[in-house]
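First the structure, then my questions, so here it is.
Every chain is named by a letter (A, B and C) in the order it is written, and numbering of its residues begins at 1.
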């Protein structure tokens, strides 16, 4: 059984009195300890799918049909309290933009330990301040920060873009999740920093046997990190399969054109 | 070569770092003795990440920032100290973020007419310009928020072409666009380049794009060009460590491309940053 | 292929979207209605008031101090004139004078603010320091001072007010202009060779209008209150011209017995100011969302 299972999800948005369906029946599965990518361009609905899974849809959106199962339980029908207990703990998200996802007036330690405090409370776990700080330093070391204590005591503005992204990953690891949802990881970063972050993510996920759902528009990133891919277009999954298979022999026209549009490092003649 | 369309000689720009009370507390050299030449009709790429100085160079070529030292020549004439208006007619820029470079309160037609009016060209050219970028003429009455990213960028291109420049500076023109839209916009730029005999200075961090669009490339690291040459050769056989690191970092979608990428030694199990890699190499060289 | 390139954009036009959002905000609609009704009443005053003559100097001692009734909605004052008629005419005066202040203050302040914000340097220093000085002077005190020197008419007082009021707009427009100046489309206009005049008034000004509209609406409420206060203090229009502030002052002599003579005109002032405030808030909510996009 998969860790995360989305079944026939339909989401509709109501703006200016008109309702439009933005997701028309999306189904996907993330098995435990497997890395899965959800690929699409802007407007494909991948962000809406991700928000629906995390429970972060805006008020104008409504889930009209479908189920989202985590470990067998339907997130959409469970009590709010139970759902909150999962979010940020068993199922946690690595946000996209390191600049705006961290509060500039709090130190890294403050932010992470506060998140941990609330997560502990939801899980009914007791941990004192020292215990929390120890855990904060622990996760910062896990994301390969050379000096975890110094980073913890810093303000976000004192850290480089790459370090801030690591802090976001650390934030997601605080409560030992089983599923990581990564939203366009590294797109806001330089290409060399992005390569570092992606390798880190891949190593972490493999070492800790975490499931990963990666939302992205970058096909190269998908090929390097995820073994299974879902391709989204206009609110529906148009193709799915093992990543290598899709790239080698895409079945659908849309997928084929998408792959053909990506410029090749080897130049045009070689492609 | 014949008179280069664009020549940059020893261009230098330093930005002061100010302390709390405005006193000068040091300086950052954004551009450090950069020199390059672009032949007429060629496409030259400047590859670099943030902090490399590529945007500063673009701004200096456009006359938005004054260099501290060095010279910029367009068609053999220095643009420094020249009457800026004449210079504006020869080089134009397409900005990175199409949403930000169009005034949200002006229609497409009005935005393009800004260029036409400033150079005494008839307003009727708007239609012809929209044709050139393959947009329907009635888009002239639309506002930017009614267009998609790719359409907005086409409008920006039309506007830049309105002054009939010889040189176009493209500052990450497609990085905010989806890959399929990007392909179409690049195709448009190539067609226009051929038809109108344009010279392009293409600034980007996207190496795959650079490989397909530019004939010659210069790799910028911290304000200096560390490697330059024909794009195919530089990519196939990179000499400088930073170029190697850049190439190794590009996410690629095929095995052939992956085989092209240089191997980079890991430091503490991690891919090194540029500083770390260069420091490592320097240490190795010292110990030799 | 993804049809992104020639896809038709959303069918709703900008104006319709704005109207839709505005109309969903109940207080904004109420504010707009109040303002519209007030303006309509003011414009149509001579034709719709029940006792037109009472706007002038009429004495009818038989009907003094009558309480509100069907014949006299607001009752009558101490010389027997219909209060409702006089209130409507007073409304006219209030709106006209608010108009005078804003018609002077808003353009002057906006232009100076744009110049200071765009050019910086000495232009900015001179204009903004002037603004700082003017902001430090209490408007009411200036009005009193002007009254002491010139004829104490309401017009003079309002002109005195206008001479200080522009500073608020200058400051607002200055900060907005500075933000806009940093935008890429201004840089684009500069690189295209557009003239400074064009950039100031065709590129920057349209983007400045939203906050200015909000502030103007809120200001209208304030100016009306200040105008009423000035009239109350006796710097108002000469009798027998009706004016809301004067009516409140005169009627105050007869509190609490003939409460309607001061309370009802006061309520008109309140409702009018409230209407402009609600409208201003509604406009601000409308424009804020738009900018967030």
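The rule is short, and it goes like this: contacts are C-beta pairs under 8 Å (C-beta built on N, C-alpha and C of every residue); 3 or more make two chains touch, one makes a residue touch a chain.
These numbers were taken from a predicted model, which means no experiment stands behind them.
Under the stated contact rule, the graph of chain-to-chain touches is complete, every pair of chains being in contact. By count of C-beta pairs in contact, A-B exceeds the other of the chain pairs A-B and A-C. Chain B and chain C, compared by their mean Cα positions, are separated by 49 Å. Note: centroid distance chain A to chain B, computed from Cα atoms, is 31 Å.
In this assembly, the C-alpha centroid of chain A lies 50 Å from the C-alpha centroid of chain C. For chain C, the set of residues that touch two or more other chains comprises 1-2, 4.
Contact of a single residue of chain B with at least two other chains is seen at positions 149, 178, 180-181. Of all residues in chain A, those touching 2 or more other chains are 41, 257, listed in ascending order. Those residues of chain A whose C-beta lies close enough to touch chain B in the complex are 41-42, 144, 161-162, 190-196, 198-200, 203, 217-224, 247, 257-259, 261-268, 270-271.
By the touch criterion given at the top, residues 49-50, 149, 178-183, 186, 205-209, 211-213, 232, 235, 245-254, 256-257, 260-261, 268-271, 273-274 of chain B touch chain A in their complex.
Those residues of chain C that touch chain B in the shared complex are 1-2, 4-7, 9-10, 14, 183-185, 187-195, 198, 202-203, 206-207, 293.
Those residues of chain A that touch chain C in the shared complex are 16-17, 41, 43, 233, 254, 257.
Residues of chain B that touch chain C in their complex: 62-64, 84-85, 88-89, 92-93, 95, 97, 100-106, 110-111, 114-115, 117-119, 134, 136, 142-143, 145-151, 156, 159-160, 162-163, 178, 180-181, 184.
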